[in-house]
Structures are given as C-alpha cells and as structure tokens.
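First chain A sits with chain B, and in the next complex the same chain sits with chain C.
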Partner chain A sequence: MKLFWAFARQNFHAVAAYRFDFFLRASSILVLMYGIRWLWITLYTQRPGAFGVSLGQMVTYGVLSMAISNLFFTGPPYYMAQQVRTGAIDLDLLKPLDFHFHMLARSTGEMLFRVLVLALPGMLVGYVLFDLQLPADSKTGLLFVVALFLGYLVSFHLDFLLGTLALVTLEIHSIDWAFHATSRFFSGQFIPLWLFPGVVGTVANVLPFRSIFFIPLSIYTGALSGRDIGQAINFQLLWLFILWILSRWMWGRVQARIVSQGG
Partner chain B sequence: MIQVKHLTKDYKRVKRREGFLGSVRTLFSADYETTRAVDDISFEIQEGELVGYIGPNGAGKSTSIKMLCGILVPTSGEIKVNGLVPHKSRMENTRQIGAVFGQKTQLWWDVPVIESLKLFRDIYKVPEAQYKRNLELFNELLDLNEFQNTPVRQLSLGQRLRADMAAALLHNPRLLFLDEPMIGVDVVAKERLRTFIKEINRDQKVTILLTTHDMTDIEKVCSRIMIIDHGRIVYDGSLEQIRAEYGKQRTLVVEFEEEVQDFSAPNAALVKTEGRKKWFAFNRFETSPSTLIADITSRYPILDLAVEEPEIEEIVRTIYRGKSETLATETK
Partner chain C sequence: MNGFQLYFRLIQISLLSRMQYRANFIAGILGLIFWNVINLGLIGILVTQFTSLKDWTLWQLVFLYSLWVLGYSLYSLFFSHTSELENYLLEGSFDQFLLRPASPLVQLLGRELQHTEIANALIGLTGISLAYTQLDLHWEVWKWGFFFAAVVSSAIIALAINLLIACSGFWTGRSRGTSIIVNQFYGLVQQYPLDVFGSAFRFIVTGLIPLAFMNYYPALVLLNKVDRTNPGWWLSYVSPLVALLLIGLVSLVWRLGLDRYSSSGS
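Up next is the complex of A and B:
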C-alpha cells in the first residue's frame, strides 16, 4: 500500500513539470461537463420521457461521468511500449517487484493523484455549477466508490493486456486509439447503456467495458438499485477475475520471450 | 560471490529477407538463424573483488551481465550469484545486486532526484535509518545534495550518473554491475566516479563488475581484468600479470648530443628516428635496459633517455587482434 502512495507522490512532482497538460485536462473536464448538461437539457425538451430516467438523474450521470473520466486508462501501454523500445524494461525487471504489480502500483498512484486534483474538484464544480446531484444516501455513495474502484481495476487490466500486446508489436498508437474509442463507447461514458438498441445493447451488456463507467454511474444516479447493484458488482468481479488470469498468463508468455531473446 | 561454469547463450533471430517481397514472405514463413553471443565461459569472482570486464562491441559483455542479473535465461551452463541461480530466483537475486547502465537511467525523468530515491526506498523496503545513513554517504562522496531537488531531465550527464549510482546502491547490494557507467562523461566527473567506485569497494566491500571501453578506468580502478571477445573469455588475470605476459616489449628512447647514424644494438631493434632521438624496442627478458644503455653510451654521448612501457590499451588491442587472427586461422 505504501508503494501506491509512493507512486502517487511521484505524480504530484511530475505535475509541476507538466502544468500545461494538467490545465488542459482540467479545462476539458469543465467544457465537457458544460456540454453534456446542455445536450441532455436540449434532448429532454425535445422529447421528454424518452430516456428512461429523470432529467436530473441524466444530467448527474453525464456531468459525473466527465468529472471521473480521467481516472480510467492511466497509461501502462505507453509506458510498457516505451520501456521495451528503449531497452529500459531490463531495469524494471531488475527491481524486486512483480511486473504486473509494479504496473498496478504505478497506474494506481496516478489514479489516486487524479482523484485528488481532477475528479474531486470536478465533482465540486459540477455540484456548484452543473446540477450534479448528491447520491440518495450514504450507502449508495459508498457502493458507488466500491464500483468505481472495481471499474478502475477492470480498466487497468484491459490496459495492461493492451500493453503486453504493445510489447510484441512495439507500435501501439493506432491500436490504442481504436481500443480506447471502442471501450469508451461500450462503457457508457457518454450514453447510458439502457439507451443502446437491440443487438448493440446486448453486446454492451456482456462486454467488460460496462464495469468502467456505466455500473458506478448507474449506482450513483439510482438507475440501479436493490439486488441489481449486487448483480452489477458481481459482474465487475467476474470480469476482473477473468482479466486478471488473462493478464498473468499473457505477461508470463511475454516475459518468457523477453528473457529468452533479450527484449 | 559469482560462479559461472560453461555458460552459453544462443539468440534465435528471424532471418530477414531483402526487399519488400522478402519481408512479406518473412511474415508467413520465417527462417531462424542462431547466433552464439556467449560461448562456453567459466569464471569465478570472489567477494570484494573489483573486476574490469572488457571487450569490443558485441563481444557478449551485456549478454553475460544480463544473465548474471537473472533477466536473461542461459542456453546452457551454470550461474550462481551468492548462492542463487539468478534466472530461477530473479526477485531474490535483485535484492542483492545493484546495476547502473550508463546509457539508460532508472530515475524518474520528470521528478527531482530525491523523489526517485524515496521511491526506490519504498520498492526495496529500505529501513529509514539505513536510508538516512546512505543519503549522508552519498552527499559526502557524490555531492548529491547539490542537485537532489532538480528534476532528472535537467541534470548534466555527470550528475545523472552520480544520481544513478546512488539509486543503485541505496539498498546496500552486495554486488554491483556497472555497464559503461562513465560513457560520455568529462574528465573531472570521470575521476570523481572512479574515486567513488573505489571507495565503496574498499569501505563497503561491495563486489563490482565494471564494463568499460576506457582503459584508463581499468588501470585506475580495477585489480583484475577479464577480456571477452567473440563470446569467449580470452584473458582473465591481474593487471600486473597482463603486463608481464603481453608487455614483454619495452622501448628505450635515447636523445643523443648530436645526430648520429642509424645503428643496431644487440638484442634491440631500432624502430624510429626523429632528429637526435632514436627509439629502440627490446624484449625485457632477452636484455635488460641497463645493458642496452651501457652499450649505447659506449658508442655515442647521450643527453637524455627514457624507458617506455607499452600502454595497457596497446596490449588489449594486441589481445583482441591476436584472438581474431587465431579465429581466422581456425576457420581456414
């Protein structure tokens, strides 16, 4: 656990170097929160009652989604590809750390940092300016945090798998772009999954991406309640388990290749 | 500390075909070619030794160091580092070794040096007291405090290497690998790193394996030298020994009072004449310098004289060349 904070601390120092990146992210959150709220208000005036939940819930869903959007996909694929290309992966393997755990610590450190500097301030601004409602009760709030963290872990493992792929292909920009566009769509970051029609809806319900935005946001807004919450969290746990096994297996193969061929 | 027996490493690489069609064909059916990077090497290093590990580029130095670190699996042969087999217990092995690769840094690029060190403290679970003690030592020997709050990307190369040394030694490893740690560093910074390397070897009994292309590093720092070429160890011994074995040749430089005709002295060959100066090469086991000097002074009056030993660099060049010549004759 100490290690997770150690990596988070590193990010605080790194942000001083990349202030521009930070302000860009912060301001894009503001613009997106403003935009999504305005979009749903317009759609609701056109066709009230067509979207399954109240306007207040929908705006909360959208604004919150933007506030937390930086917590997912915190970047192992780029790091991993870069380490292999520069040969610095040797130095990572020279640490008394399991590589998968090392990446998890690094990524979680970054995530914790973003919670403090981007997500929480974003939520506060959303609450003050953009009609972000509070959760119905503290239990809902707590379940949201749990689901959010599980969603983060699912996103990390998807990213890690993409990263191991990057170790093989060495080039990741196009795969990364396609993967993240797809995953953000199927995770319900912009449009809640209950609005997905027919087959697309069914597919989205089976894929792991739903764990990332849709489940925590649905819990928070009250779109999911009672036993459905338990089911949703089990769904996250199941996918997390599958992805964890897959990550261990893939990394084992890639590492075997690195140590037999020298990177 | 280190035992290596009949260590061999083969790389299997896809053989690329030329041209566009060739590369397309490679995608579907690949031919593999095997190259032997390390070829049946054996050596032992005792605790507290400071060994220079040298050889031309591509000789197999890095490959063998990677195997000692446990991040590369040998094709055959045995390695033991302080009783552990590196590639089988990689994690345990990493705790007892430290490494600096001159060309790569293990520090976090955008954050101050001290933050990277704190991260290593947490990764290696270094106790607070030990951490403080080591920082004091590094401040004293490396002047770390001069730049510990500067982000790594703003450091000069010399400073960065000092910081990398500190990072590699923070967990008090018993064994330190230095792979070209002074590449591209200016003379002053180099001298300082050399002193530091000697000091930690002497005071903390850290066993050190140093790879370098600079023979001055070897002369100033190491007590033993191993030369690897074409994946084989072609020389292993002390610096004096290498001089004794390969440095039989001495050169006597004589400056005469006036220009004299070329002449030959017994057991010595005239190799060069430049104005009033003449260079005589001789084998120090066939004749002694005093006999030679006596012979020459009996012929002509002389102003000045000096005996030159061959540079270690010259010797090493002879060894490299000698080895490739014998290889060439073997293949014939």
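Up next is the complex of A and C:
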C-alpha cells in the first residue's frame, strides 16, 4: 500500500507541473456546463417534468457530469503505447512490481489530482453559477462518492484492457476513438439512460459503461433511490470483478509476447 | 515553381508516404464513421424524446450537423496539421521553413494531407443529401451557389481560426491550450442551433470566435428559416464575407509573427 501511494504521489506531482494546461481544461469545463444547462432548460420549457424528473434534477445531472468528466480515462493506454514505442516498457517490466498494480497507482494519482484541481472547483462553480443542487442528504452524498469511485475503477479497467490490446495491434488512436465514442453514448455522460428507447436502452443497461457516469449521477440527483441504489452498486461491483479478472488474464497473455522496439 | 504547384507537389509526397500504412487508414476511417454515428445517435434520442429542439426538427438538426462536418472535413483534410506549428516553434525546427527558398506558409500548409478525413467529407455529404430529401427542400440555382460558397467559407473560417491560434505561438510559445477551449465551442456549435443557448454564447460565437458562420447562419438560409423581422437576419448571408475578412486578418498576423520569430535554437 505504501508503494501504491509512492507511485500515486509521483504521478500527482508530474501532472501538477503543467498548471496552465489545467487552467485551460478547467475553463473548457465551464463552457460545457454552460452549454448543457441551456440545452436542458430549452428542452424542459417544451416539456416540463419529462420522464418524472424535474428541471432542477436534470440540470444538476448535466452540470455535475461535466464537472466530473475528467476523472475517468486518465490515460494508461497512451502511457502503455508510448512505452512500447520508445522501448521504455522494458524498465517498467523490470521493476519488481506488478504492472497492473503500477498502472492503477499511476492512474489513481492522476485521478486524485484531477479531483482537487478540476472536479471540486468545477462543482463549486457549478453550484454558484449553473444551478447545481446539493444532494438531498449526507447519506446520498456518501453513496455518490462510493459509486463514483467504483465507476472510476471500472473506467480504469476498461482503459487497461484497451492499452493491453494496443500492445498487440501497435495502434492506439483509432481504437481509442471508437472506444470513447461507445463510452460517450452508453455511459450516460450527456444523456441519461432513462431517455434511451427500446433495444438501445436494454443494451445500455447491460454494458459496463453506465457504471461510469449514469449510476453515480443518478444517485446524486435522486433519480435512483432506496433499494435501486444497492442494486446499482452491485452492478458496478459485478462488472469490476469481471473486468479485473479479464485484465489480469489478458495482461498475462500479452506480456509474454511484447515486442519492444529497442530503446 | 509557384506557390500552388509547390503546394500540390508537397501534398502528393505526403499522400504517398501516408498510403504506406493501409491498416491505419482503414481503422481511422471506421473510427470517424463510428464517432459521427454516435453523435447523431445522441441528438436523435434527444429530439425523438422531446419531438423537437426549439423549432428545429430532427432532419434540420442533421442538416446543421452535416454542414459543419462537411466544411470542417475540408479544413482537416488539407490543413489540420497547422496546429503542429507550436511544436515546430518550440523545437526550433521552424528554421527549416525559413531556410528553404519558398514561402514558409505554403510549406506549412502543404506539409500533410489528413486523408482519413475523406470519410468525414462523405459523412457530411450523406447527411446533407438525406436531410435534403427528407425535408423536401427545393433549392433555386442561387441557393446551390450559396451552399457551395458556404461550405468553402466554413473550411476557410476553421482554417483561419486554427491558424490564428497557432500563430499566437509566435508570441507566447504555447498555443495548443487555447484550442482546448475553442474545441468545446466547436462541439456545441456543431451539434446544437444557437437558439438553444443564451445571448452571451451567441455573441461569442458570432463576434469573437465566428464559428456560427460555419453552419448555423448559412443553414438558416438553406433551410428557409431566416426571419426577416429579426434585426440580425442579414448575418445569415455573410459567411463568405466573414471568411474573406479572416483571410486578411490571418495573413497580417502571420507576417507579424514571422517578424517576431527568433529561433529557440537547439
């Protein structure tokens, strides 16, 4: 565990060096919050109380989604692709340290950094400027944090699997694009899944992506309550378990055939 | 060789080198198609559940989106690498542009051809054609002319905005950060009509970063949505003019930037 924090802290400092970049990212979140808020206001003027959700809840869902959007997919696939391309992956593999664990530590360090500089200020601005509501009670808030962290772990493992795949194909950008498009759609980042019609809705409910945005956000806004919350968190845990096993297994197979391109 | 001949020769060389990686090409195209389908899918769900967005119907929104994609694809096909200028400036490799006996701007523009963007152009055309038949539009000859002018203007506006951002690197050393913010505006303007947002947004994307001239304003004309009682109705017709103005502005800033340039030396 000490080792885990050492890596997390190291990466935390590495990204903290690019302060201006983060300032710009924070500003771009502001633009998105502004946009999404107006979109829902416009749609709700046409149809107040659509789908049993109030405008306040819907705006909170959208604005919060933008505030936390940088916490997921913190970039192991790019790190892995880069290490293979430059040959530096040798050094990572030589470390007396499990690679999967190493990636998780790096990624978590970056995620925590983003919580501090992007998500929390984003939520504050959202609260002051864009009608972001507070959760109904502290228990809801706590469950939101739990679900958010589980969502992060699911996103990390999807990312890790993608990175492992990239080591085989030696190509990352296109795969990453297709993957992120899928996640954008099925995670509920922009549109909550209760708006999805028929078959699309069923598919979205089965895939792991809804663990990432939809479940934490639904808990926060109160769209999920009571026993449904427990069910949703179980869903996250189940997918986390599956993805964890899958990651270990895939990595074990791929590790043996990594072709390093000479450093 | 004059500027144009040189430009096409450079493009030809770049294309030949790109075609060496066929698998990447196909993967890139599939990735683009997928991305657009997902975006349209999200808009589609919203509009079908709420029947319309202000007074924009599903196919009008498809038209708006596709017009943007078509114009932007022309820009990215030929010029998307202009954002690399920052790296050339930082690494000092910009010097090579100045040493060769040809216009540095032509050399920069002709450096690469992003050939996967063909897919985006086709997606844009498909979207516009589908919307055209679904909406039962019948454009007169002048509207067809306006349509082509609008698409070209849209590409020029995108090029000008991105070049201006890249040129800021002459003064600040870094420019990519600014494009992160501008990209968010791109996303919103591409997908939603300005009517959805507040007046601050309308002001920014009309007056400051004139992105709305890439799709929203010309689409009002092409979809017969121009409202003459609105004091700003004439804005719908001036995309080509905006493009011309921006070309002037870019060439001015580019020249100032070149004067300012001193190599990072490495």
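Here is the rule we use: the second predicted complex is superposed on the first by the 238 of 263 C-alpha atoms of A that agree within 3 Å, B and C clash if a C-alpha of one lies under 4 Å from a C-alpha of the other, contacts with A are read in each partner's own complex, and residues count from 1 in each chain.
Everything that follows uses one rule, which is that a contact is a pair of C-beta atoms (placed from the backbone, for glycine too) under 8 Å apart; a residue touches a chain by one contact, two chains touch by 3 or more.
Just so you know, these numbers come straight off a predicted model, no measurement behind them.
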Contacts of A:S174 with chain B and chain C, given as first, second, both or neither: second
Touching partner for A:F196 - first (chain B), second (chain C), both, neither: second
Touched partner set for A:Q10, first chain B, second chain C, both or neither: first
Partner chain(s) touched by A:R227 [first = chain B, second = chain C, both, neither]: neither
Partner chain(s) touched by A:T86 [first = chain B, second = chain C, both, neither]: first
Contacts of A:P96 with chain B and chain C, given as first, second, both or neither: first
Chain B versus chain C as contact partner of A:L32, first or second or both or neither: second
Chain B or chain C, by number of chain A residues touched: C
Overlap of chain C and chain B interfaces on chain A (superposed complexes): none
Residues of chain B touching chain A in the complex: 11-13, 63, 66, 69, 71-73, 87, 90-92, 94-95, 97, 99, 101, 104, 106, 108, 110-112, 115-116, 118-119, 122-124, 151, 153
Chain A partner contacts - residues on chain C that touch it in the complex: 23-24, 27-28, 30-32, 34-35, 37-39, 41-42, 45-46, 48-54, 174, 177-178, 180-181, 183-185, 187-188, 192, 195-198, 201
Chain B partner contacts - residues on chain A that touch it in the complex: 2-3, 6-7, 9-10, 13-14, 17-18, 86-88, 90-91, 93-98, 258-262
List of chain A residues in touch with chain C within their complex: 20-21, 24-25, 27-28, 31-32, 34-35, 38-39, 42-43, 46-47, 50-51, 171, 173-175, 177-178, 181-182, 184-185, 190-191, 195-197, 200
